[in-house]
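Common to both upcoming complexes is chain A, partnered first by chain B, then by chain C.
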Partner chain A sequence: MYSERVQHFLDKKRINVGDEVRLIKDKKTYEGILMPRIELGDKDCLVLKLRNGYNIGIKFERNVKIEKLKGHKKLEKFPARRFEQKPNLPKVSLLATGGTIASRIDYLTGGVKMAFKPEEFFFTVPELADIITFKKIRLLSSLASEDLWYKNWQQMAEEAAKELNRGARGIIITHGTDTMHFSSAALSFMMKNLNKPIVFAGAQRSSDRGSSDTVMNLICSAHVAGYSDFAEVGICMHAESSDTFCFFTRGTKVRKCHTSRRDAFRPINDLPLAKVWPDGKIEIMNENYKKVSEGRIKADIKFEPKVALLKAYPGSDPKLIDHLVKDGIKGIVIEGTGLGHVPTSTPEPERSWVPHVKNAIDSNVPVVITSQCIWGRVHPYVYRNLRILDSTGVIWGEDMIPEVAYVKLGWVIAHTKNLKKIKEMMLTNYAGEISKRSDPRTFLY
Partner chain B sequence: MMIDYKKLNLKCGLEIHQQLDTRKLFCDCSSAMKNEQILTIKRKQHVVAGELGEVDFAAQYEFLRNRTFHYQIFSGEDCLVECDEEPPHPVNRKALEIALQIALLFNCTIPDEIHVMRKTLIDGSAISGFQRTTIVGLNGYLKYKDKKIEIKHVSLEEDAAGIVEESAGNVTYKLNRLAIPLVEIGTGLLIGHTPQEIQEIAYLIGIVCRSTGKVKRGIGTVRQDVNVSIKGGKRVEIKGVQTLGLLSKVIELEVKRQLSLPEVKEETRAVNPDGTTRFIRPLPGAARLYPETDIPPISIDKKTIERIKKRLPEPWTKKLIRFKKQLKLSDELSKQILRSDYLDLFEKIVKKFKVSPSVVANVFVSTLKDLRKRGEAPVENLTDEDFEELFGLLEKGKIVKESILDILLYKSKNLDISIKDCIKKLELETITEKELREIVKDVIKMNRDKPVEKIIGIVMSKVRGRVKSENVVKVVKEECNK
Partner chain C sequence: MYSERVQHFLDKKRINVGDEVRLIKDKKTYEGILMPRIELGDKDCLVLKLRNGYNIGIKFERNVKIEKLKGHKKLEKFPARRFEQKPNLPKVSLLATGGTIASRIDYLTGGVKMAFKPEEFFFTVPELADIITFKKIRLLSSLASEDLWYKNWQQMAEEAAKELNRGARGIIITHGTDTMHFSSAALSFMMKNLNKPIVFAGAQRSSDRGSSDTVMNLICSAHVAGYSDFAEVGICMHAESSDTFCFFTRGTKVRKCHTSRRDAFRPINDLPLAKVWPDGKIEIMNENYKKVSEGRIKADIKFEPKVALLKAYPGSDPKLIDHLVKDGIKGIVIEGTGLGHVPTSTPEPERSWVPHVKNAIDSNVPVVITSQCIWGRVHPYVYRNLRILDSTGVIWGEDMIPEVAYVKLGWVIAHTKNLKKIKEMMLTNYAGEISKRSDPRTFLY
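And then the complex of A and B:
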């Protein structure tokens, strides 16, 4: 958007974005197409696409003269290509939620739009047409993943159940990467008697570049959704920086561990379920999975949104807990340090978290302890401070990832308000979120 | 046969690419291209949507599907940005400033706001699938023989990765060259010039760039593309002329080639070392450019331009006059050093050390050329510091100019020792007049009956490179006359 005065000037001259114009300033003449103003930069600067394809900005000042030339270019030029769906291929449904993966770029403006018709997915990844057919493609939302929440998880779960019950062989959910592991955890708990694969896929590089990881991630996801024997919710993303193969990793044991790399999603305290190659080869890495079967499934989507995830750190103020409790919070997950510590025997008594944690539990608010180390398991007894914290009645979250414990707590509390029952459910392994043994191979896998 | 280029209506367009001597354009990696390889990553590339027709799409799809790109990653010279694993950092301000200087030296208009664009490349040489490029100057000119040569644009862009090898669908690139800042200077259509004149224009463009003192030197740091067409013919683009002296020959040969064909096709050709060319592909359509949304537009206000204008380097025409008048270089030598890769170092050295400017100029213009011709001396290994040490020692009288060639030859092959140590190893430390006199006396004693010239010869062979030759003559004559 241009500034008001520039827009006013353009309106007066009846000049629209996309018009070919001649612009004169300081005795210099420029010709090109008037482009829309991108969000960044000076809103008083007119953006012109020159004949050689380059954009430049010319600051609007009183001495600027502009006249309309003959041409006009339609600025949104998304390709429209037809693809035939091939019969006799596994029917997979695709649920799009937003994010980088399902977006198309407008080559003139650099603007990004959501794709939601099958052709558009085939355009980005033509290879898909040889692997699966799309039973249905549904655009559930067009949100960046940091803007998604439990209602979106509920919608994903319900739609996935509906599609599977109507004959889909598997589900692909395209999703922004930032909070993909929250969503995959949520669906892991909500899809109780899941009997087909639900595959989350995303992209770290947008589809407008020749190097986009969208292509391999979607191809591998299609192989998992269409052909694999996993009745599991999982994330299918690059395993390494090279375009060699993807990991399909359990939805409760995976986390985004890098801001920008393709191989950002790492298995945590678990081995990936499989390595998946773009040619369709699937190498099982982890025998602990449910196999594909028939039958109707039901999404158990109840969720209590009033849960919180807190981080303990040197100098952290435990009064936050009191505020949350006062505000009606129903459950708290703490990301402790190391084995699950919070500031406990502090020289300044007011900095100790312990009385505040105790107060929360006494107010019927369950507190779950996880570790900000990400990898490893928490423990209640190794140090005296742990034992002090334990005496408040906290729930020790085993080797659950803090984000997974947070999602699980919301799901559990929606099913029971009884503290004892909550503890029991939190420590029950529903979707592979708790491993009984810590496999030595799983650290930094 | 003399070719009348005017009659043929020879039309050429030049695009000159010059690497800048800064760190990389969108990250803080070194651009030295000296370090060891640490990793390789393997990537596929995909056709990206655009304004392609069905045929183009299908062809590109097939082309890319059958190719795997292998990228070599170098220590200190590549980071996640080059690996296409991290968004670009803000543009390198030093490089931008040099590019703006060059644009102003070519009398260009600077846009009020600079927009970084993505230029689609499908050969894998840009790991992301596009090259980042931005126009920093428009509508400039260059004076040549009292005529104004149009400079259409000056742009600042990232260099592409250098190819290592290609075989059976596997293409290997080195990422250390990727994203080295590159200034591209595009001329308007040059009509009515001979190939020799076009080469001179290219030289001039090079001299202007070099006058900033901040461009890289050596093979591969300058690349020229030239478009050639003659009356009634089509445009042929020739890419990658790496030595300036070859340009006129390339154009001449291309004109002859076009004259020998019944029909000329629009195409892109690459240069062979002997100046002939080979077909590489049909002429591509206009490059597809779209905005680089990861980098905000950069405002260039009037203050910035004024500040850069104030600090513009001395124009080459003034420099030429100064070299002749002040430094007492001959016209020929002045022009040679102006064209030399070592111009900035030459100026630095004559400012810093009290040594004869023509000796310094000759080292850069002739001695290095001789060494290169011998083929055995990797001259590019010699650093600015080596030359400074060398001329410092010359200033102090620790060496004589006659020994410079031997010292540089030795040093270029022995990187880990200093110039001083080279001199010791080669026994080229100067000797005092007293020592010389002793040697002369000894030689005369042993060769009593020999003529003076012979004596001079014998002494010379003993002290070559350690004493000025005129001193030898002087001392021998004095001693013989005693």
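And then the complex of A and C:
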């Protein structure tokens, strides 16, 4: 809401947010769409979206004159700006899946509208036109990320492979943030012989909030997709809460760690691959990456959806394992405590997870152990309880985060049903998901 | 293992780790128990535990002479040092529950032995005798923390109340680290009218490893229990990976965030209450705490064990909710994604959690929403999917971490079966578990 005096002034002129207006102040004339007030911004500051796509704030004072544009009519659709491609810039394809990055204030209703047309990204971030040229823009879905699943991952992987094989220099996937790290893990495993960057970008605040992170995240993603030497799937999001630079972090070593902060995505058990500045500077932080090269990419999208992620905690009922097995589960990842513990030598024998884990494995359901600590690495031997659990034949997930182990298990089981082979594949490092050494700098980075 | 030459030297004399020996070097004589080599330490450095309880390292050189003590016999039990109480120091009671802090190399077998007698703490940390005097030392259990549950929480609470009501100035509870934050949360809710410090202390490395954190954690805990002004339940563990100082963090705002680091316990959505140095300096970091006072304490230990913690993620099967309800669950905490999402408007209707959540609530099972992000706060309104979930009547857990909401729900349901009252109690701040404002400094602290 604008301040009372500004609102009064607008009401008198019967001007609403979303109207095309001409505004005159200090002998300068501005034409554009009247936008809602910038959140947390000055309530006396009128915001116009100019025809070139940029927003401008104009402090309301007595000398401000405003009028609806002649021939003005209430907008029926969002005014797409013609996007001027510069053909010499790197060709990048954009796949849109939905999420906050694709939401904005609806100028027609004033509410927040999910999913707009991909073309509208350029309206929000006109700077993109100076960084890359778009080979293709495809709307794959208009879903909040909590509603995405393996079919969406498969679609992203197939479309990305298709675009890269047809000459795209990189891919940007816009995506809701909640489960972005699940999707980035899935594509990390599915993209075989990946030789170009695939960059996930999202936003914690919708594009038309003053505090939106959409603009910088998209600009930095364009730099990574168009110019970087990373043949990796990764997430490009704010590294700090202010608009300084982004991290580009490997898709298997990153996690949303805050409900609302713009710098919510943190590297886990690994350094980010790079710092990326909106001016295009890319500072490598982690030399351990695959370099861009030529060749054909394959999307290896087989995925077994019947896998589950289960948390062990004091009093957790291991009967849930039996329920899962009965319902036909094909693999289970356990989020253990500490080094990978589950209730084991409990005074209440019915709460010990070990017999239930053993039953699952005896029923040919592989069980992978990870840690709910998030940071660190599981270990099968330090304590007696770990050795007891180990004797059931569980797979110790090294330093994989639970979410990544879950996605990987679904992918692995789709490729083999053999328990020994599943173990071997789970412990093979396909996409940087297992680090040999733990870098002490990576805790709480 | 000592180096080959040291081992050869010991073998020649038939001396083993655990033997009482006399060692002579540079005309100085040392008598004590030969200890295992300090982990990561010099392989040529012999370690003796002297009679006063301190360890000493002696570099092996040609002039070193060693012999078994005359009258030496293989140790049958651990040699307890007589603990000299200084009666003028603050009286603190220690409750031992098991865990790594109570484990050490067994001098008889060379393996790691869980749980030793509480008296043996003084053998490991003789410095304690100069800080506090022990009113009482009680061994409550000898369990790894993954095997503890609500009955243990109840016992800790009752014993702590008893000791405080009988004049203890503070309580130290030694505890395994894996689920220490569940126990500290439980005691936070159970200790009614708490007016003295209750300090949980643990160790990430067992006491006889060179890198053990036992000594500093116990010393700092003694300072908090004996001298601080906190009438709070909290965890006192290394703040940094080196032996600089500890954090004392409120028991409802802390979490084990690394499988093995000594500074694994991090404050979540709150600043630590204080930095505590081993020399006794206590620097308050968070003015929002209850002060030490007089009065009677009650242990309000009622607890409903039939509660569960369930994680929502892409593809997570909401049928688990039905299984829990069928098995007689009385309350469920969901670890949602981001601001508290569950799969909601999914293309596969059978994967939407909303109808199952609604069924649970209709069956009088309260459902509390928290976030698996760990940091931040859930929110019922920002997105359409949140409002859909909200319409089922879930309880939005504010900025409570999932583990704390789980423990709290078990405690709340034991006090009332009325859904409205449960919601009211869940949203009442009993022990600092809900912060009104989010302090931006507390992310990744």
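In the analysis below, the second predicted complex is superposed on the first by the 357 of 445 C-alpha atoms of A that agree within 3 Å, B and C clash if a C-alpha of one lies under 4 Å from a C-alpha of the other, contacts with A are read in each partner's own complex, and residues count from 1 in each chain.
Operating definition for what follows: a residue touches a chain if its C-beta (ideal position, glycine included) is under 8 Å from a C-beta of that chain, and two chains touch if they have at least 3 such contacts.
Note that the coordinates shown come from a computational prediction; the quantities given were computed from them, not determined experimentally.
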| item | value |
| --- | --- |
| First, second, both or neither for A:R262, with chain B first and chain C second | first |
| Touching partner for A:A299 - first (chain B), second (chain C), both, neither | neither |
| Partner chain(s) touched by A:P347 [first = chain B, second = chain C, both, neither] | second |
| Comparison of chain B and chain C by chain A residues contacted | C |
| Touching partner for A:L339 - first (chain B), second (chain C), both, neither | second |
| First (chain B), second (chain C), both or neither touched by A:M216 | first |
| Which of chain B and chain C A:I374 touches, first, second, both or neither | second |
| A:A144 touches, of chain B and chain C: first, second, both or neither? | second |
| Contacts of A:P440 with chain B and chain C, given as first, second, both or neither | second |
| First (chain B), second (chain C), both or neither touched by A:I56 | first |
| Common interface positions of chain A, toward chain B and toward chain C | 241, 259-261 |
| Touch list for chain B against partner chain A, complex | 41-52, 54, 57, 61, 64, 80, 83-87, 109, 111-115, 117-122, 127-130, 133-135, 138-139, 153, 155, 286-293, 296-297, 299 |
| Touching residues on chain C, where the partner in the complex is chain A | 100, 112, 114, 143-151, 177-179, 182-183, 241, 256-261, 263-264, 266, 305, 307-317, 319-320, 323-324, 327, 335-348, 351, 371, 373-379, 383-385, 403, 406, 410, 440, 443-445 |
| Residues on chain A engaged by chain B in the complex (per definition of touch) | 28, 30, 38, 40-42, 45, 47, 50, 52-59, 77-79, 81, 104-110, 123-126, 204-205, 207-212, 215-216, 241-244, 259-262 |
